[in-house]
């Protein structure tokens, strides 16, 4: 996967872009069982950056995400 | 794996497309032990998006799927 | 790994093709500890599809397989 | 992903470069549940090298990172 | 990683080839904690096939191997 | 990631080469929670080979490493 290839035509990428625009609170379940919650600041090829309810910025590696859903 | 390469000739991709058409309820077992259930809305190179019985949309990363089977 | 590259000259791919032909019952141990058992219907670049003793079709992601052996 | 491709235009890469400059203490949660804390010395395609409070240098594989946030 | 690229110049590939020649019994520790033991029949890009003390052939996915050492 | 690409200009690769030269004892924490200790014999694209205090050679898959630090 070429590092810079970030295919904005993919439904999964577009879905995250939409959630960024709508400032939706999203719940993230990770492969290690952790559960995170927050609005998405940005996404790129490797990561998603969110801000949680304590206004803390958290950068999640996409490789560690099991699934997500909006609240 | 080129990001945009989504090979619809693959049996595994075709199988998911078929389940989308038939609106089949599918059970997903993830690598972290989580079990999800729902009909598939769409799939792309990275993810599968399902709707569960509570009508909640959940996007699952394909990298986190161990196996699935229809109900 | 180009999505469509499915190298049937690889011993591991040929071994699965052979098990399909012989309709052998195979035990699959997954990275999350799950244990599945069944005959192989098909394999592709991403997945292996099996039918278990309850005649249920289960699609396993190859990325989630730790090891397998025939019964 | 070509080994030498290290795309400094990616927000996630730039974010880490910024944290290096600011000598920020960062908390790293790994996919195996481990929690590490320290300032970042350097990052490359595969790893992030930090120095913890005991002045010990620890090299973390990016593939093992679930998420991080500054303290 | 091109599917058919199997670089026999790599020390790790050569080491396994050597262990095959010497019919050495090797212990394999997997990422899910499983421990397997056996002589190596063959290796390819994706897998290593071993025969254990019960003369059972087991195919291990290289992606699931944490480490190995000869007995 | 081309199999044979082993980019010795990467800080993480150079760091391991340095530890090999200095015959430093390194502690390796793996994604399955295992902890290994030993001097590094060699590294390649896929693996790191160490010798532990019992003079046993252990080959670790880089994909299974969470982090390491010298003793």
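Each chain gets a letter, A, B, C, D, E and F, in the order it is written, and its residues are counted from 1.
What we mean here is this: contacts are C-beta pairs under 8 Å (C-beta built on N, C-alpha and C of every residue); 3 or more make two chains touch, one makes a residue touch a chain.
Which chain is which protein? Per UniProt: A, B, C, D, E, F = RNA chaperone Hfq.
These figures come from a predicted structure and were not determined experimentally.
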Other chains in touch with both chain C (RNA chaperone Hfq) and chain E (RNA chaperone Hfq): none
Interface sides of chain A (RNA chaperone Hfq) and chain B (RNA chaperone Hfq): same vs different residues, half threshold: different
Remotest chain, chain C (RNA chaperone Hfq) as reference, centres from CA atoms: D
Gap in Å, rounded to a whole number, between the CA centres of chain F (RNA chaperone Hfq) and chain A (RNA chaperone Hfq): 32
Per-residue overlap in chain D (RNA chaperone Hfq), given as positions that touch at least 2 other chains: 1-2, 30-33, 63
Traversal of the chain ring from chain C (RNA chaperone Hfq) via chain E (RNA chaperone Hfq): C, E, F, D, A, B
Residues on chain B (RNA chaperone Hfq) engaged by chain A (RNA chaperone Hfq) in the complex (per definition of touch): 1-4, 30-34, 36, 42, 44-47, 49, 56-61, 63-64
Contact set on chain C (RNA chaperone Hfq) toward chain E (RNA chaperone Hfq) in their complex: 1-2, 5-7, 9-13, 15, 29-33, 62-63, 65-70
